[in-house]
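Okay, here's the structure, questions in a sec.
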Amino acid sequence: MLDATNSENLLEVNNIEVIYNHVILVLKGVSLSVPKGGITALLGGNGAGKTTTLKAISNLLASERGEVTKGTISYRGERVADLNPATLVKKGVIQVMEGRHCFEHLTVEENLLTGAYTRSDGAAAVRQDLEMVYDYFPRLKERRKSQAGYTSGGEQQMVAMGRALMSRPETILLDEPSMGLAPQLVEQIFEIVKAVNEGEGVTFLLAEQNTNVALRYAHYGYILENGRVVMDGPAAALRENPDVKEFYLGMSDEGRKSFRDVRSYRRRKRWLA
Amino acid sequence: DLVVPNLSYRTGPYGANGTQYADGFNDYFTLLNERDGGIGGEIVQVPECETAYNTEKGVECYESTKGSGALVYNPLSTGITYQLIPKVSVDKIPLYTPGYGRTSAKNGKVFEWVFNAPANYWDGASGAINYLLAENGGDLNGKKIALVYHNSAYGKEPIRTLQDLAAKHGFSLTEIPVDAPGQEQKSQWLQIRRDKPDYVLIWGWGVMNQAAIQEAANIRFPMENFIGIWWSGSEVDVTPVGAGANGYKALTFHGVGTEYPIYGDLKQYVIDPGKASQGGEHVGSVLYSRGMYAALVISEAIRKAQELAGTSAITATQLRDGFEQLDITPARLEELGLPDFGPEIKMTCDNHGGSGMSRMQQWDAAAGKWNLITEFSEPDQEVLAPLITEDSEAYAKEAGITPRDC
Amino acid sequence: MIYREAGDFKTGYRDDGQTFPIRLDRWGYYAALAVAFGIIPFVINDYWANAVFVPFLIYAIAALGLNILTGYAGQVSLGTGGFMAVGAYAVYKLMTAFPEISVVIHILLAGGITAVVGMLFGLPSLRIKGFYLAVATLAAQFFLVWLFNKVPWFYNYSASGQINAPERTVLGWAVTGPATSAAGKYLVCLIFALLLAWVARNLTRGTLGRKWMAIRDMDIAAEIIGVNPLTAKLSAFAVSSFFIGVAGALLFAVYLGAAEVGEAFGINKSFLVLFMIIIGGLGSIFGSFAGAAFMVLLPVLLKNVLVGSFGWPTDLAAHFELMIVGALIVFFLIVEPHGLARLWALAKEKLRLWPFPH
Amino acid sequence: MTHSPAVETYTTADGRQIGGVLMDMRNITLRFGGVEAIKDISFDIREGEIRAIIGPNGAGKSSMLNVISGFYVPQEGEVWFRGHRRGPMKPYEVARLGIARTFQNIALFDGMSVLDNIMTGRLNKMKAGFLSQALWWGAAEREEIANREQVEKIIDFLEIQNIRKTPVGRLPYGLKKRVELARALAAEPQLLLLDEPMAGMNVEEKEDMSRFILDVNDEFGTTIALIEHDMGVVMDLSDRVVVMDYGRKIGDGTPDEVRNNQEVIDAYLGVAHD
Amino acid sequence: MMDQLIYSAEIFLNGLMTGVMYALVALGFVLIYKASGVFNYAQGVLALFAALTLVGIQQGQVPFRHLINAIFGTHLESFGWTLPSVLAILLTAGVMVLLAVLIEKLVLQHLVGQEPIILFMATIGLAYFLEGLGDVMWGADIKTLDVGLPQGISESIESVTAAWFGYGFFIDRLDIWATAIAALLVAALVAFSQYTKQGRAMRAVADDHQAALSVGISLRFIWVMVWSIAGFVALVAGIMWGTKSGVQFSLSLIALKALPVLMLGGFTSIPGAIVGGLIIGVGEKLFEFWIGPLIGGATENWFAYVLALIFLVFRPQGLFGERIIERV
């Protein structure tokens, strides 16, 4: 496993604030750093601001009437604020959006090919990568001619990931890859993340609700709540943190709590005290 | 000052036509102001208001100009005319609609405030048939005539008359409607090509005219057998078709071209000093001449009214009297620098439509000009008079008007 | 902090549901009513009535109608012109056929007839959605115009196909026909507009309104939670057409006095009313009025400024008017896609916070 | 076919009474063009129980809910409700039978406030005539107030008082899911169908949601059918579980039975990581 | 009866060609709808604007001369040149690209992610603006457009059919040209959207703006590209219609004839535009011929809409439109 502390940081997010619609303050000073070649997890509940953070990085906020009002984001030391999403993709940062967002009316293969939109290294190289993607996701090869709109949720997630890989990225921002997927598929997807990370050396920043899985595969984690980073640390350390255990992993001292037993009053989170 | 608003349209689907008319209308008054210092010493103001051929804007224009002491309206739109007829009778302002508007307004007993001399649509229909009668030695028995018309109040106006004339002269009439704007007339002309009518009449406006003439040329319909009402007989209708339009005929109730003495004055007082409306681009065109002619009739009515009232600052009511006793003789026309330009216009209390005389003009594509090919001739009053009485009385009944005695 | 909600306590669900929950709004509304009834009728002249107030009120009714259909029930319609024509021709036939009956009843009946026609043309909305439906409603627009132009019975066999409104009185006052006074026209339209706005408000805040909005926001989900799409959509078409029919009847009988179907009720009418509700605000009663005011006043204002003040030639002014109206529409959509109503609401929200933002 | 619904009743470990068969799906087959989304599946839902439906993505779970709520019409099979065979019915007619649901991809009415959204749940309880509504007089106003009171109770129950007047479009995901539940509850259903009510939530939020589901079941005795991918939730909450795989039923029984079914483990659970 | 059949055949052929002319306008709609989900009402005005510009450039008119003359009291008329058609067409195409860039920059860019009806309204606003601009730039008079396309009856077809049926068919040579050009255009556009990288990107953008951005497709570029192509298609339509009936205001109203074509063919299908056009063209002409006389004629304005409406009731997405995905 990669030692996060010693490696160079690819991506630096420095104390950013994001406002939607000129009024809704969503991120209230978030800082994080993503080391090269690592898998960094961004954890937190609903509306904590994970998606917003990722979109701020890939400059996708504008189309949602959101903007970064404070702080800086830099990729390999270069400020990304002035780059448009396309340039960012060319520089190697690509985002897999929450909720998959396949191009419904395109076939699976066409979806994958759109991933290579920014590339200019020739058709042969693209074909080769297409084969690579099919190797990772054999299921997609079977369904290459089907319209993406009619494939199942898991297949769509694979399409979205494969599409990102097609751009030959250096860094993938992965937003909730496990949402709505069957447990087995969740494992499978994370196995592939791991394989790509180790095999191709691709850096991952992934936002997840499923803390359990995320912390098993990630090297380092940040916990976001209400637009603020409330905790961070190596994944292994986080897993042992009693608060994380209780609130994110649903474990009590005697192992996993049953969902039937949560009707009682709960302790406040320590960091909010 | 005398106020004669110009409800014009220089935009919208008929803007190309409306512009020329409005220019002629403006320029004539400018000439009077510049050359004669107005009419009877009163400067004529011509505030212009854009209607875009739209009835609601027409109402707005009417209301916004009426307060400034407007003497007479001439909206160049049948729709707006219908709108204004009830209003002007309440506001007591004359409405002058030469060659358009409500035909039965000729009956001054019912339509006290509306004037449409020298000719109306039914006069035009009859004029066209009279021309064909003359061409065919007075006999149209068994001939086939097709009417291509703008599918609106305007286009429908001549149908009754033509039907009556068909009954009288024994020709058959085919009615072929064209919906506005009318740039696509393939069906209509394929039908004409199949039916092979002897003559085609057209009641069109705007792009419809030119599309029809183009299609007629395409199917090689003999242009000399294709006759337009005066609203289908201007340069803009034929020039786009080029040589194909050569020989096309249209009615008119006034002369065309710049070969009249008045143009010398116009050049000297209006065009050269740069006072021409819109830079004088359209001087001498058919629609320009018509606008100018309308202005001339109005100014003569004003003169008459001044004479009758004994004051130069007349009111709208006095202008009505001026119209009702108007008599523009050939001699007067000559004096005005437009010899033989129009028919004699003589209006009375019960006749607001003049003589209804019209003449025929023909397009010479090579020379790019219209040539007058007949003299002024009378319509068939035997057919028209009863129709007018019938229609105006129906209106009087509907609107609760008791016709005046004249 | 004059404008505020705090201190305006509601003690029951009835109060909570009232139209103007904030006291200042209520006062503003009463003041507007007082001016509308107490001052304007006495000072209005022909120009203000015919160029501004009467068209504004009539279009406001039409906009309310279209807003019910498009803004509340989510069915985009481009058939407004055609439906207004139904109202106009219905009222014309009724006025001439039954002169002894009050014209107010004729106008309401004309609305009713339009409602039936509207439902008929609304039937395809069960299958057709979105822009397909919008374009499909053009079928109503073109077909109705053709019908009224073609069948002489509708225009009582007049030579040209024009219809003219005969004079009719209400309580001894002429409300149609040329002799109608400016104040008379204005008051008739005002009363209709206010009553119908009140009905629209009632319908949209209750059960029916919720059904419409549910269909608008997500028709499948609405059906699954128990909304019958047939009745919901058809009722929207019916109510909307009723309003539009009344507007058409007033436009012809009270405002124009004479009309020709192709010209007065052409497709431009459909677009004009659609503009009004989008500029004003979809799904907002206030927006219908604001949009109508905007689209009626703007051209008049522009004309007066460009021709009256700058002395431009009328055609240049008219061309610029087109450009300015077009540019303003785009501008408004960019600044606030939800229309004047939302701008107004935002302004109020700011006022509410003033002088202590956040 | 004369299936008589089984009438045996039983009591669960925590003392709830499970009644006879409420909904009986018999040999349902559903096809989309060539795709067979559901292949000859039968199962029942008993009065008062929490019934889970699980299975891999694309197994046909949501489609099954859609069949129950009348949105999809199966090509073959019968649906029995309360001992009566249900003929072909429009979804809104099904809703009137007392079946309410939430959706996998939130299907709230974005243009309306939370309150109005929940009020739509009660549409079928409001009967005022058109005239009364148009004039806001008599029945319409009375009804509005009466139903508003009911809705306020649900709002209190789900603890969403402070967002009552907020347009739902602006709410975060978790709250939307809660509002959807509220809307379904407002209809006072006998059978409540929940399609992945906890997708995209973290443990803490899942705990909240679980609490609501259990309370609904407890307090109102509502029967619940639930689709979920979180095995912890499914196993803890449900009384019985149906497992689907590519349109087929591969398991049906108590959570423990299902958890230990090898076919289920292969097709769906994978290795357990508890 | 035999006559009627022969006439019907002639009408059928002419209907096909009229349909092609409608389809030319419809194509522009489809392109923009496909690539951005925008129902571009301004397409008709775009055709008018293109034709006006073409005439203006070809005949060397001074743009904005009325405005300039009105303000400065000058008498500008024209530059006094006449350009060859091809050059003028190229220059006009350049203007259309410029226009596309401006539209993207000033309008579309600010409306990303808005509801379709808002975008639709924006294009209506745009239509007003362009109409006014066209008038101010080039004047409102009727202009003649001549780029050397032949017009009038095709004598060879007439004589051939006369020999066969004893009745010479009327086919306009302009229509034959229009058909050929439309066929080329459609083939090129289909190939472009189906098989090229940019075409794929265009379809991707149509499906999901955000996702397209996330894979590095530049919305701005795609939109400028699509509006440029649509502008070019508008130019072609403008040339055809302008040659046929002059260049003036009413040219923009042909958009209304293209809408039922779109409905029938499906908003998103390029071949659909052609097939829809053919069906509408033939349908309305035959209806006018057979049924028109019975009900008073002038049915063409509404027939197409009613036909499309009835058709849609059975197939709500049009002939080739993408199936509306209804899932919950």
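Just so it is clear, A, B, C, D and E label the chains in written order, and each chain counts residues from 1 on its own.
Rule of thumb we're sticking to: a contact is a pair of C-beta atoms (placed from the backbone, for glycine too) under 8 Å apart; a residue touches a chain by one contact, two chains touch by 3 or more.
In this text, all values refer to a predicted model and were calculated from it rather than measured experimentally.
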Labels of chains that are neighbours to chain A and to chain C: D, E
Chain D reached from chain B - shortest hop count over touching chains: 2
Of all other chains, the one whose Cα centre sits farthest from chain D: B
Whole-Å separation of chain centres (CA-atom averages), chain A against chain D: 31
Whole-Å separation of chain centres (CA-atom averages), chain C against chain D: 42
Mean-CA-position distance for chain E and chain D (Å): 50
Touching two or more other chains - residues of chain C: 146, 149, 220-221, 224, 313, 315, 319, 322
Per-residue multi-chain contacts in chain A, two or more chains: none
Multi-chain contact sites of chain E, meaning residues that touch two or more partners: 66, 135, 140, 296, 298, 301, 328
Chain E-facing residues of chain A, complex: 58, 60, 62-65, 84-86, 88-90, 94-97, 101-106, 110-111, 113-115, 117-118, 149, 163-164, 167
Complex contact set, residues of chain C against chain E: 70, 76, 124, 127-132, 134-136, 138-139, 141-143, 145-146, 149-151, 220-221, 224, 267, 271, 274-275, 278, 282, 312-313, 315-316, 319-330, 333-334, 337
Chain E - residues contacting chain A, complex: 112-113, 197, 200-201, 203-204, 206-219, 322, 325
Chain A partner contacts - residues on chain D that touch it in the complex: 14, 35, 55-58, 104, 170, 172-175, 196, 199-208, 210-211, 214-215, 229, 231-233, 236-237, 267-271, 273-274
Chain E-touching residues of chain B, taken from the complex the two chains share: 10-13, 15-16, 19, 151, 175-179, 181-184, 186-187, 190-191, 193-194, 206-207, 210-211, 214, 217-220, 236, 239-240, 242, 244, 274, 278-279
